[in-house]
Structure formats: structure tokens, C-alpha cells
Amino acid sequence: MALEVLFFYLFASLAIAFSLITVLRKNPAVCAFSLIMVFFSFAGIYALLGAHLISALQIIVYAGAIMVLFVFVIMLLNADAPSFDLTSSHWGLRVATFVICGGLFLAFVWAFKNSALSPVTGPFTGDQVKALGGNTRVLSSLLFTKYLYPFELTSALILAGIVGTIALAKRSPAAKKVKH
Amino acid sequence: MAFSGNLLSWLVFAPFIWGLAGLLIPARNPSWTKYWALGGTIVAFLLSVVVYLQFDATSAAFQLQESVSWIPSLGVSYKLGLDGISLWLVMLTTFLCPLVILGAFEAVEKKHKGFFFLLLALESAMLGTFLATDAFLFYVFWEALLIPMYFLVGIWGGKDRIFAAMKFFIYTMAGSLLMLVAIFYLAYQFNVQSGMGISTSLFDLYTVKVPGDGYLSAQSLLFLAFALAFMIKVPLFPLHTWLPDAHVQAPTAGSVILAGVLLKMGGYGLIRFALPLFPDAVRLYQWPALVLGTIAISYGALIALVQTDIKKLVAYSSVSHMGYVVLGIFSLNAAGMSGAIYQMLAHGISTSGLFLVVGMIYERRHTREISAFGGLAKVMPLFAVAFLIIVLSSAALPGTNGFVGEFLILLGLWQTAPVLAVFSALGVILGAFYLLWMFQRVMYGKVNGEENAQLKDLSTREILVLVPLIVAIFWMGMAPGFWFSKMQPSVDALVSKYQASAVAELRKVSP
Amino acid sequence: METLPLNLIDPATLQLSSAQLQALLPYLIFFGGICLALILSVVPAAKPTVTTPVICALSMVASAASLLISASPEPLFGGMLLTDTFAHFGNALFLACGVCAILLSYRYLEKQKLNYPEYYLLLSFSVLGMMLMASTLNLMVLFIALELMSLSVYVLVAFRRNDRRSNEAGVKYFILGSAASAILLYGAALVYGATLSVDLLEVSKRTLQSSAVNSPLLVLGMLCLLVGFLFKVASVPFHTWMPDVYDGAPTPITALMTTGLKAAVFITLIRVVSTWVGTPVAGVFHAVLWFSAAATFFVGNVVALKQTNVKRMLAYSSIAHTGYLLIGILAGPTHPEAFAAVLFYVTVYAIMNLGAFAVLTVLAGYGDTGLELADLSGLSERHPWLSFALACFLFSMTGLPPTAGFTAKYFLFYSAIQSGEIWLVVLAVLCSAIGAYYYLRVVVHLYMRDPVGQFATFKVSRGAIVTLGLTLALVFQLGLVPGNALRWMGGLISTDKPAQVGAR
Amino acid sequence: MLASIVLLPFVGFLANGIWYLTAQVKGGKSISARNSGVLATASIAGSFVLSLALFIRLIGLAEEERVFETVLFPWIQVGALDISFALRMDALNALFALVITGVGTLIHVFSIGYMDHDESPAKFFAYLNLFCSFMLVLVLGASLPVLFLGWEGVGLCSYLLISFWYTDPEKASAGKKAFVVNRVGDFGFLIGMFLIFTTFGTLDFAALKAAFATVAVAPGIVTAMGLLLFVGCMGKSAQLPLFVWLPDAMAGPTPVSALIHAATMVTSGVYLLARMSFLYAATPDALSVIAGVGAATALFAASIALVQNDIKKVLAYSTVSQLGLMFLACGVGAYATGVFHVITHAFFKALLFLSAGSVIHGMHEEQDIQKMGGLRSKMPQTFFVFGAGWLAICGIPPFSGFFSKDEILWQAFSSSHGGTLVWAIGSLTALLTAFYMSRLFILTFLGKGRTDKAAHAHESPWVMLIPLQILAVLSITGGFMGVPHASWLEHWLHPVLAHAPELRAGVHHETEWFLMGFSVVVAAAGIAGAFFLYRDKRAADNLAARFRSIHTVLLQKWYVDEFYEAAIVKPVARFSSFLWKTFDVKGIDRVVLGFGSFAGQSGTLARTLQTGSTQLYTFLILVGFASIVGYTLYGIFR
Amino acid sequence: MPNAIEPWVVLSFCSAIFFIGLTGVLIRRNILVIIMSLELMLNAVNLTMVTFSTSLNDMGGQVNVFFIIVVAAVESAVGLGLVIALFRTLRTVDTDQIQVLRG
């Protein structure tokens, strides 16, 4: 048990550290790299929490697919980008943002500390899940039964995403640029 | 008669439908459009005569009622009806509209079809306002008529027409929106109190009782919401500043309708809504209203005194004259109330006449500056006679329509507030002063300049416009009984809410 | 779910009865149509620029037609898809907006040299998103549908790819929209934690059972949801994206956003808030909604005063109308009729904006130029019918009788009064008087000013004529005889089951 | 028949008016004075005949039955207010009707000649007929509102006729001034009517008289009623301080001055007092005010008349002065005497005015008496008739003026409401009157012609002279209807007027003979003084030069017009300008527009947030988020 | 199961990441980094869901996370597409450079 706690804190601190780097570092490539590290830390925490499928998806989809996309775009744009290390804008805005976000964070922490979770609990205790064949099996069964509908919806979403991205990326036949 | 069941609906919508049909006339025949529009207003007038003939003057109740459920979920029904008070305002409207159209034959230089259609639409909306016995329907007509008026001022108006149109529209609309909220509240209260569902029917709203003790009680606030809308329309000092702009910039037809009918809606609204609905609040706010009315009379007259633009002078004279109406209404007795209604009719006739007359010389000279004129009586003798008669009726000379109203109002006011009556009567002096002074500067003296010397006297068409007005001026001045007899029961019923005892007392004293 | 089936895949859950299939029909037809169009769009021989819009529009029409036979009070997929009449009314509205948008777009895209099939596909996807969003109370489904709608619209907004304004609008919308989505999603997660459900009906039941409202978790969750929705409806201070996006987007897309999208969000919001009826949650948000409503209609109106571009002015006016609508949302929990009023208002608003934007679409030159106020000067001389229509829509937005805008405002404010929001209504009507100014200013240019320079010559497309004719007729129909529509919409909001909208 | 008296001139008005208008429509061809004049004269003469017939019938009736009444139509009937358009003739207004129609007829005849060369005589005669009609309504009206209708109607006609030659701006202005100043009086009249109505519930004279006898009313209220009505009289009858319009009213054609501003309209105030005498009898305070105002006006106007050079102005001030005497009479309670003076004054002042008109006509529109002289030989007929009028107004027995003026002075002296002071003022006025009238007479007719015009003056045509001669006869003999102690008039009016007051303590009837003699002496003294002074005009000029300041003040009419201009007209105009330009436009309207600019400025302010910066937009979302969260959490869980 | 770790600690951690992400969206001008920050926020939500899911013995949360991941992926794809389109016309990914629409 203690080991798990230890790992949790380890992953958590890693995640926070890297997410701060993501947000604060100027170079987007560094940001992207840190983000990958955050994703990995998250995957670790998922695993600690017993959400094994999610943990795997986290690495495959996020670190594997999404981040590749990011890096790809960075490379693509970096070619003729004049300056890429754009920092944040007005300092007053920055300070105010830190203060307000910090305040909100504290409010949330206070809320988490002071509220009970749902009095109703579900049937999927760890033992039950194990009995049903493990996290992945249960999850996928649910996906294709109870959650079939949203699952199908995501297909529409992905389709729309594909069409949208194609529409954006496609070069127009009349490649005439209109400056406004 | 074919439409005996819904005579009032026919009356209300006939001009509008007629106007719609008129849009089909090819634009290259402006004169067809004119005569078509004139025909429409005459048809409306004839319909109103039928209404008049069917009206039973012995009853205070609403007559020729129509009621169709309209929007049941909002408790709204399409209800029309008229009593003695609305009867004459309807007649005034249908009477003025043909004259307005006839008067505008030569004045319109562009977009004839639109102009005459809007006038007809305006007539429908005005008639609807006077005939609606459902608060929602009333409000619909009340607001709807802003649209044609807005276009009339904005498209065919004078130099600052757009500003004037905007100001008129937004000022009057802003005022009436609070009334809308008050209507909501009343309709809702009706449901709460009666349990019969929400209703905006006037008769249902009359039964609503709202606590009314104190200047900021619910009833007082509701009253203020209504009164604001109506007093802007009247317009009562200090809510009058839209009027000089709108009147001056509007084309003659617009000014006539504005002064002749639109202002009356304020007074009508007070009588139809504010008084019966909020008796306690009316008593509370009687004095402020009376004081403002008194101020308005002298204020409008004094400002009219120093105007250099004839139309503006007439506009401020309206402020002064309509002050009497407010006084009459808030005298809360039979004499004042009858006088107020009569004054509305009289003002409708004589101020319309003034605007028409001003429009006639404006068409000839394209200026309204008093100083640009002089000695017109020499070159336009017929015009001079007509102008003088209208001026005198506006100055409330006994024997003309203006006197009867002012006399009754002051008499009524005297019974309520003698001191204010004394101050209001000052308007009698000032009224004669600014009107005759204006008349003198325009019509008397040496013929001033070549342009004035070339002016043509009234044409047959213009004579046709003015003669009915002049006839009405004297008819109303000499035989007001004809008019009073129809509205008396309604007025008595209204006033009895306030002064059941006072009227009886007066009757007792008289031998 | 007391006992767990050992075999998790229960065949029964995968089988749909014919009644259920019938209920799914509109969605299936529409989605099938989109897929067909998608396939054909990559076949050059099929003339994608023509076939895609036609198929999309036809599938919308077919879907709308099937709505007539598919309403079912029984929720599908364990409550994740509600195909009640309420949902179907929304669907019909979105589909209508979608069809009109396609009708308007065709000529417009030709003029902008942007005639790509993807446009219509994305437009259809966004409409599908709206439909799905309005027919659920499950926060996850809602979120996915919302994203389906939003993502499509992000792209559509930026569709004039060579135009920096369009790009700028798309990127801004994307950044802000995604941030707001994230907040909304966080809210969903917190609600899930507090009640173990993301189905809002379930949530409200559980809230009633326990004193969960006292749990900061639930409150925070609801607040985050609320913020997400307030962003989507563009309530102050979450409104800032709207003018820029409306301004930069291609005009038919602005039309779709201000009509379908806005309606979708509000219809969803009605559903969401209607689950608060009878729960203490409504009371918690009263003040927040009160102030944001007041701020929204005030800011929307006063800033609109200062606009010189008609499109942008209509964006601010849209914010103002959001403010009015929020009054209804605020009043709903205590007086459910207000929901019907919001529904009616949103419908009317969609109709009149569709009309107004139809005119703007016709007027818009290449690169969406020619929409400055001055460009409209004297339009009535050249295009009397177009001006007349625009004027009617503007009067309707002002809320003047006898147009639908008046009836809608009347119904809305009236319901608000009944729930006791008198002073808010007073403020609202006063602000709507401000609104009269900027609407009428357009009319001034249309009718009262002389033309400045030469008009660009243009023809009014048949699609625009159809749209204008329909909207104009409806504006007057709903203004003059709204009785049936109102009664019908009142029926959609079932007051006997306060916790749920449209359970009939 | 009673209605016909009123209607006949009205029909004449309509006929002439329509005739005039149709002529205008046809192209402005004017109608000759003869045609229109004959038509107008016929209608008023018919009215006179009818009045006479009714009068004779009245005489035939018993004293208390001397009333004819006719209700034309109901006029204003609202609530308790019931005003019929009713006419009622009794002993009092029968006399007035006779004077109006009689003198009116003569003046109409005169006008046929006088207006011969005018552009639009038809219009003139129409107005004149209309005036007569309204004047008859005024005197015959059975209630205060009907009287008021006539009252305002004659004011209107006065306005129209004064500005008849409107191309002269001054004349146009004079008309307006007359109307407006009259309105000031009407203001009091109106209020008085309201007070009476609310007190007694009726406005009908007969009903009022009855009610007054039964209803107990506080004396203060009665005084208020009396004074308010008297304010109306001040305006109409040109009493201090509202007399200023009458001298200006001389801008009208001379027959108008004769008819309206001498014989009839201006005396309607006296008629009103006589009509309401039952009320005034109960309020000595009001009577004192009336007597005081009357006396002051008489003296004041006479003083101005002393130095005026315009023949009509002199007559105008003389009229004001004589009206003052009439009010003095009423003020001391001698209504019959007042009425008596009204009648004699109507004769001789109409005569004087018409003769003056004849002079002006003969002098080719010259009105300055300094430029006349020696007209006796040029216009002998006019000279004789003017002389008759002159002696009458000076009060030389047995001319009519003597009887009435003497009666007034006696009443002023003897009445319990009167006193030595008012008598003294009255006598002084008589002295001045005799003086300035003689001055006028001398400068006009005696001596030698001082200008070419005077040398070439010509006598007027017969159509003008015949009415003059008739009036001269009346001026000479008219006084005999009121011979002291055998006064037919007093006897005739006795039933309708309040009874004359008792004699003052310590006054005996014998004194009357003494006073009568005294007044003759006074008149003679005035005449003699004038002859002495103006035999040689240089003596008069020297005197004027020596008392230049007084002379100037008198010549400038005590600067009353200037005072009104500075104290009322200018401040009102300035105040109005302020109200308009500052208060209305810059005050109220700016507040109204301020709402608009407030909205606009809020818009500008709120717009500053819309910078286009994505960061700022996100920040606003954050702020909104934070405030909503903060507010709600704090609200629930504090 | 990590009974030793209180749920509120995990939740607080999530919230920390969420607000760090939000801060990133706010203070960065590089649109790419903004999109990354958005991903951070979504990840925080995911973890929140999973935390609830495991502490309350309900698999629904994890299913939700599955969907969220899909949405996030599509969102990034579209977002990056927008960035590319923007870059094509404007040659920038700086939000301060896109301020034409204002007022």
C-alpha cells in the first residue's frame, strides 16, 4: 500500500512539474515534450487506480497519436516561423490569472475536502471486476452494451473531425490569397 | 347588414386592407393611388357613421362588442367594443383621415404608394387602439401604429426627419414598455385573485384589486407605469420634448395625425385604463398630475410665444392645450372629464386645421419661418378667413369648439382645485396672445417680398379640406349637446367611481 | 443495477424493438444521408458540389418528415436518447435552420469561390450535433454531441480559408470554446462524483433523496456546467467570442450559429434547468442567473448601439436576446411555463434571424464585404422586397407588434412576471427600448437615406427567396395568430412532471 | 321674434360674408359699398324695428311681466351644468338693444358713405353686422355663458375691425392688443363665473337672482364674485389698468370707433354690472372698488385727453373718462344713472365720432387737430352737429349729457356709497372734459385753416350727414328721458335693477339744485378756459412749454404703455425665451437625450473589453467563472 | 486499491492540473501551446472521472474517460488543422497577431 502511495505522489509531482513546464516554457517543442511526460505520469496514476485500459489508452492515444500530431505540426510550422518562443502577454493579466486560478484551486480543494462523495455506490468493487474478467473486459463489455449509443456517437464525431480537418488542410484549387 | 356581427372589425381593418389593395396600383399612376386612398378613408368614415347610427346613447356599456379567443394560453382575446368615449375618438379619426389624405395630394413628392398605404395602415392602428377592449390588443395597436408613423416622419419629413423619427419612436416606445409590464402584472393578478385563469380582457382587469396605500405601493407603481406611457403620448410637461421635433419634422399629414389623433390616445388611455384600474393611486397622484398639467399650459404657451417656426409654435401650443386635457381628467368630476374628452376632440379638429393650414403655405413657399411671411391676407383672402377661424378656435373663442372644452375643464378643475384653475386660466390669455401674434405676423402687414405677392389662394381641393373642419369647429362650438349626449352615460359611469357624492351634490344645488 | 449479470453482454440491450427503431429513424436517416453524401463527395463524377448539398438538404427534409412518426415518450438506450416531442420539436427547428442555411449557402459559396462539398457535410454534422444534444440529458452524450456540433462549426467559421478574418474567428472560437467545454466537462465529472450519475434526471432524483445540494462538490459541478452553458449562449462575461466569431464567419454560418446553434444550446439548457424544478439547485443559481441575465441584455444592447457593421450589430443583438432568454431560464424552475416561453422565443428568434441573415447573405459581396450600415443606404429604392423583409425582421427583433418578436417577448416577460421577476423584466424592457435604436438605424439606412455610390449588382437566389418567404410568413403568422403554437409549445413542457421536460 | 333680433344682423353678416368670399373666389372683384352697405343696413334696421316692436310690447305689459324669453337650443349640458342658448329681454336690455340697433343703424348708414372708397366694404359690413349680432347676444343673453359668448364675440369683431386695414402693421397690432387685453379681463370673468356656478349651481340670471335670495353665502365670496366679474368689465370697458387698448383701437375705421368703442361694446361692462346689480347690492366693498376705479379712470383719462392732438385719440380718452363716470355711478349704487349715461353717451359720443369721421373724411384722412382749423366754413353741417355733441358732453343744459352727468355727480355726492371725494373727482373730470372738448372744438373748427388740407377740406355727402343729424337731435333731446325727479328711465328700470341706495346722512334733496347749478358752472368754466387759452394758439403753446414735464407726461399718456411693455411684455418674452432655449432645449431635452447618451457611453465603455485579444477574452471567462464560484460558495457555505 | 490515498488528494491534484492548464490557455500566445494546455485540462477531467469511478465502484466513469479521450483527440486534430490554416494565411500562431476582429 505504502508503495502505491509513494508512486502516486511521485507521478503526481512529476505531472505537476511537467505541466508547469508545458505551460511556462517558451519553446513549444519543450512544451510538447513535457506534455508527453505529463501523459505518462497520468498513465501511471491510472494504473495505480486500477484503470488499466485507460492507462493503456492514455499512452496509445495521447502520447502516441495526439502528441505525434503536435510534434508534426510544430515541425511543419517551424520551417518558416519567424519566432516561436512566444511568451505570455501583459504581465498584469498574467499575475491576475495566477492569483485567480490559485484562488479557484484553493476553493476546489476546500470543496473536495469538505464534501462527501456520492452516497450511492456502484457494484463494481475491485473483487467484482476481477470476477468479471478484469477492468478491460468489463469496460469493453459496457462500451458495447450500455454505452453503445455514445460509442456510436463518437464515430460520427470522428467522421466530422476528419471531414473538418480535410476541409481545413486541403489546398484550394484557386489558390489565390486574399489579404484583408 | 352583412357585417352586422363584426362591424367594428370591418371598421378597424377596412383601411388597412384597402391600403394593401392599393399597393397593387401601378406606381406610374400616382393619382390613382391618391384617389384610391381617399376612397378608403371615406369608406372607413361611412363605416364609422354606421357605427354611430347603431350606437345606443342611453347606455354606458360597451357596445357592438366582438370577442374571439385569440391566444388562450396568454388569456388574450380579440375584443372590440365601444362606448361613448371611444365613439367620438373613432369618429374623429375617420373624419380627419380623408382630410389628411386630401390635404396630402400635392405634398407627396416621392414614393406615393408607400405614403398612402402607411396612412391607411395608421388609420387602422389608431381605430384599433380606440376600439380594443383587451389590454393586449390595445397594446398591439398602440405599438403597431408607431411603425407607419416612424416611416411617415422618417421618409417624407423635413430636414432633421431621421432624428425626429428616432426620437419619437424610442421615446414613446420606452414609455409604453413599462405599461406592458404592468399589463402582465395585472393579468397575472387577475388569475391569482379570481382563479379563472390569466386574462388581459379589460373587463377582467377592472375587477383586479391591488393594494394602493402609499405613493410606492403596488397600485401606485402600476399606475405610474401606465401613466408614464400615456403622459408621454399626451404629452404632459416635462415629457413633451419629443413632440416639437416630431411635429415639426413630420410631413403635414403626419403632423395632423400626430396632433389630431395620436396625442388623444394618451388622454384616452388615462381615461380607459389608468382611472378605472387604479382609483387609489389616481387619488394619490391627482395633485402632481394637476400641477404638471397647470405648468404645461403656461409653459407650452410661453414657449409658443417666442417661436419663429410656425409649426413649432403649433407644436408647443399642443403641449399647452393638452395640458387642459390632463387637468380635466384629473379633476375627477363630470365637468372636467367631459371637458377633457371634448377638448381632445376640439384640439383634434383645430390643431389639425392649423397644421393643414401651415402645410398649405409650406407647400407654396417651402419655409415655415414666420419672418418669411407677411401680409398674406392681401394675396390669399380665402386662406386668411380659414386660417383665422382655425386660429380663433384654437384660442378657445366662445362659439367655437375650443371654448366648450376649456370652459368645462376649468369649471371642473375649479371644483377640485380653485388655485390651479386660476393659474390654468392664464393660458386663456397667453393662448390668444401667441396665436393672434403669429396670425398677425404671417397674415397682416404689408405684403412682404415678391414670393409672397405671387402666392395663389386656396385651390378647390384645399377648400374641400378646410370646409369640413370649419363646419366642425362651429358645430362643436354651438351644439356640443349633440356630442355630449352620446358620451354622457359613459362619463358618468366613470366619474361615479370617484365622486358618486359630488355629482349628486351639484345636482341638488341647481334649481 | 443490484445484481451483476455474469455475462455482461446482455442480448436484450442490443436489440431494438421496431418502435425504438422508429424513434431512431430521424437520426438514422440523417446520419445515413450524411454518409451517402460523404461517399459521393469524393467521387468527382458525381459532381460533388451539386450532389452534396442536395443530398444533405434532402436528408434533412426526410429526417424532418420522419420526425412526424417517430416521437416516443420512452427513452432509448437507458435514458441516453430522449425522442420525445420536445426533442423532436427542437430537431425540426434545427433541421429547418440547416435546410435554410444550405439554401442560402449555395449561391453564397459560389460568390465566395468556396464551393466545396465539405462545407455541406460539416454543416450537416453540426445540425446532427444539435439534434443529438437537444435529445439527451446524459452529460456525456450531451458533451459528445456538443463537441460534434462545435467542432464542425469551428471549421465552418474558418471556412473562408484565405481570409484572415475567417481564420481568426475560427481560431478564437476554437480556443475559447474548447476551454469552456473543458470547464463544462469538469463540471460533469464533479457531478458524477457527487451523485454517481451523469444523467441529469438521475442526478436530480438523487439530489432530492439526499441532502446532496449541501455538498460543495455538487454545487461546484453544477456551477461548472452552468459556466459552460453560459459560455455557449454567450452570456456576459462569457460573451466576448460571439461578436468576433459572428463577424468573421461566412454569413450563412453566422445565420446557422445565431439560429440553430443558439436554439440548440437553449433547448438543451431548458432540459438541464428543468431538472432543477423542485430541487434546491434552482435557488442556488438564482442570483447568478439574475445578474448575468441583466448584464447580458444590458451589455448586448449598449454595445450594439456602437456598431456600424450590420453583422456585428446582429451579433451584439444576439447577446441582448440571450439576456432576455436567460430571464426565462431563470424563471423556469418556479414557473415552468417560462420554459415554453423560452422555447417559443428561441424559435421566433431563429426565424427572424434566419430571415435577416438571408438578406445579409444576399447582400454580402466577395469576402463578406458590403455589410456596413452605409452600404445599406437607400436599398429600398433598388430592392424594395429585400428591404421590406429586412425591416420586418428588424421590427420583429425590436419586439413590435404585430410581429412574432412581440408575441415572443410578451410571452417570455409575462411568464417571468408570473414567477415574480418583476424588476428584472422592468430592466429588460427598458433595455429593449435601447435596442430599438440600433435596429431602427438599419431601417433608417434602408428607407430614409439616399444611396451612397453604386450598388453592387446581385441577384437574389432562389434559395434566399424561399427562406425569406418562409421566415417572413412565419414572423407574421406567429405575430398575429400565435395561439396554437403557444398552446402546443406549452404542451411540450409538461408541468405535471416538474423534474422533466417533455415526458409526454 | 326675440331670436330674429339677433339673427337678422347675423344673416346680414352671412350674406355679406359669403358674397365677399364668392367674389374672392371669382377673382377678387370688389363689391361696391352701396350694395353691401344697403344689405347690412337693412338687416340691422330690421333688427331695430323688431326691437322697437318688442319694446313697445314690453311697455304694454304689467311691470312684473315685462320679460320675453326664448330658448334657441340647448348649448352645454354636462352633469349639473345646463346652459341653454337662451335670450331674455326685459326692461334693462330692451333699452340696450334699442340703443345698439338704433345707433348701429345710423352708423351703418354713415358707413355707406364713409367706406365708399375702400377696397372691401363688403367685408367691413359683414364684420359690422356680426358685431351687432354678438352685441345683441351679449345684452340679450339669459345667462352668463351666453353673455360671455357675446362678450368674446364682440371682442373678436373689435379685433377684426380695428385691424381692418391690416396692411399697416400698427393697426394690425392694435387689434391684437385689444383682443389680448380683453382676454385679461375675460380671465377674471371666467373665474368669476366658476365661482358663481360652484356657489349657486346655475349661471342663468333669473335663476341666479332667485338663488341669491335664498342661498346664504359668505360676504367675502360675494365680494370675490363681484370683483372677478368687474375684472372682466375693466377689460371690456377700458378701465384702469386695462384701458390701454382703447386709444390704440382708434386704428380702426371711424364708424367702428363710433359704434364699438364709444356707443356699444365698451359699455357692456356697465350692462354687466347693472345686470348683476342684485349681487353688487350685497357687497359694498366691491362697489367701493368699482367707484374708486371708475373715478380714477375718469380723471386719469381726462388728464391725458387734455393734450392729445389726434382727434380720435382725444375722443377715445374722453370715452375712457366717460366710462369711468358710468362705473362711478354704478359704484355708488346708482345703476339706473349709469345706464342713463350709457344711453346719452351713446348718442353724443357716436355723434362726435361720426362727425370726427366726417372731418377726417373731409380732410382726406388727416387726424391731427393741429393741422386743422377753420373747418366751420368748409364743413358747416358737420360743424353744427359736432357742436351739438360738444355741448352735450360738456354738460350744458338742456343737452343730454347735462342730465346724465349731473345725475351721476349728484348720486356720487348723495349716495350712501358715495361721498364728497368721488363727487369732487367727478366734478373735476367734468371740468377737464369741458376744457379738452372745447379745445378740440376750437382747434378743429374755429380760427383759420392751419394747413393746405384744412383749406381744401370738403363737406361730406348726405348719406353721412343724415345719420349725424339724427344723432344730433338725439344728443340734444335724449336727456329728457331722465329729468331729475321725473325720470321716466329710473321708473322704467326700477323693477330690474337693485334699488338705488339711501341718501347719505346729512344730504338733502335741496342740495341737488345747488349741485346742478354748480355743475353747469363747472362746464361753463371749462369751456371758457379753453376759449381763453386757445383763442390764440401761441398762448397755449407757451403754457405747454412752461409745464413741459407735465405736458410731456400727459402727451405720452403717463407712460402706461411703456410701463406695461417694460414690466410685463418684455419680461414675459425674455422668460419665454429662457424657458425655450435654456430650460426646454438645454434642460429637459438634454436630460431626455442624456438617457440615450448614457446608453451610448456605456456601450463605448463595454466595448473597450472587446479588444480582439484572445487572452483577454479567456481572462474574462476566468473572472466570470471565479466570481460565480466565489459568490455561490460563499453564499451557501459561509 | 490505494485506500491510503484519500480521494480528495487525488481530486485536488486533478484540480491543480486543470487550473495549470487553464492558466496556460490564458497566458500563452502560442496557439499550439494553448491547445496543449487544453489537453492538460481534459486530462485532469479524465483523472477526476477515474478517481470517482474507482472510489465509488462504478465503471461508468471509466467509460466516460474513454469517450473524453476520443473527443480530445478529435479536438486536437481540428485545432491543429485550424492552426495550420491560420498559419497559411497569416504566417503566425501568435494570438496577439489575430486582433482584426474587435470592437
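Here the chain labels run A, B, C, D and E in written order, and each chain numbers its own residues starting at 1.
Everything that follows uses one rule, which is that contacts are C-beta pairs under 8 Å (C-beta built on N, C-alpha and C of every residue); 3 or more make two chains touch, one makes a residue touch a chain.
Everything numeric in this text was worked out from a predicted model, so none of it was measured.
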item	value
Smallest count of steps, each to a touching chain, taking subunit A to subunit B	2
Any chain in contact with subunit D as well as subunit E	A, C
Neighbouring chains shared between subunit B and subunit D, ordered by label	C
A-D compared against A-E, more contacting pairs	A-E
Remotest chain, subunit D as reference, centres from CA atoms	A
Taking each chain's C-alpha mean as its centre, the one farthest from subunit B	A
Identifier of the chain whose CA centre is least distant from the whole-structure CA centre	B
Inter-centroid spacing, subunit C versus subunit A (mean Cα positions, whole Å)	29
Averaged-CA centre spacing for the pair subunit D and subunit C, given as whole angstrom	79
Centroid distance [mean C-alpha coordinates] between subunit C and subunit B, Å	44
Geometric centre distance via CA averages, subunit E-subunit B, whole Å	65
Touching two or more other chains - residues of subunit C	140, 144, 147, 151, 154-155, 158, 161-165, 171-172, 175, 179, 183, 193, 196, 216, 219-220, 243-244, 306, 437
Residue list for subunit B, restricted to those that touch at least two other chains	170, 174
Subunit D: positions in contact with at least two other chains	596, 607, 610, 612-616, 618-619, 622-623, 625, 629, 633, 637
Touch relationships between chains, expressed as pairs	A-C, A-D, A-E, B-C, B-D, C-D, C-E, D-E
Residue ranges of subunit A in contact with subunit C within the complex	107-108, 110-112, 114-124, 128, 132, 137-138, 141-142, 144-146, 148-150, 153-154, 156-157, 159-161, 163-168, 170, 172, 174, 176-180
Subunit D partner contacts - residues on subunit C that touch it in the complex	171-172, 175-176, 179-180, 183, 214, 216, 219-220, 223-224, 226-227, 230-231, 236-238, 240-241, 243-244, 284-285, 287-288, 292, 298-299, 301-306, 434, 437
Touching residues on subunit E, where the partner in the complex is subunit A	1-5, 7-8, 10-13, 15-17, 19-24, 26-30, 32-33, 35-37, 39-40, 43, 46-47, 50-60, 62-63, 65-67, 69-78, 80-85, 87, 89, 91-96, 100
Subunit A-facing residues of subunit C, complex	1-4, 6, 8-10, 13-14, 31, 35, 38, 76-78, 80-81, 113-114, 116, 118-119, 121-122, 125-126, 128-129, 132, 138, 140-141, 144-145, 147-148, 151-152, 154-155, 158-159, 161-165, 193-196, 206, 210, 212, 215-220, 367
Residue ranges of subunit C in contact with subunit E within the complex	140, 143-144, 147, 151, 154-155, 158, 161-165, 167-172, 174-175, 178-179, 181-183, 185-186, 188-190, 192-193, 196-198, 243-245, 247-248, 306-307, 312
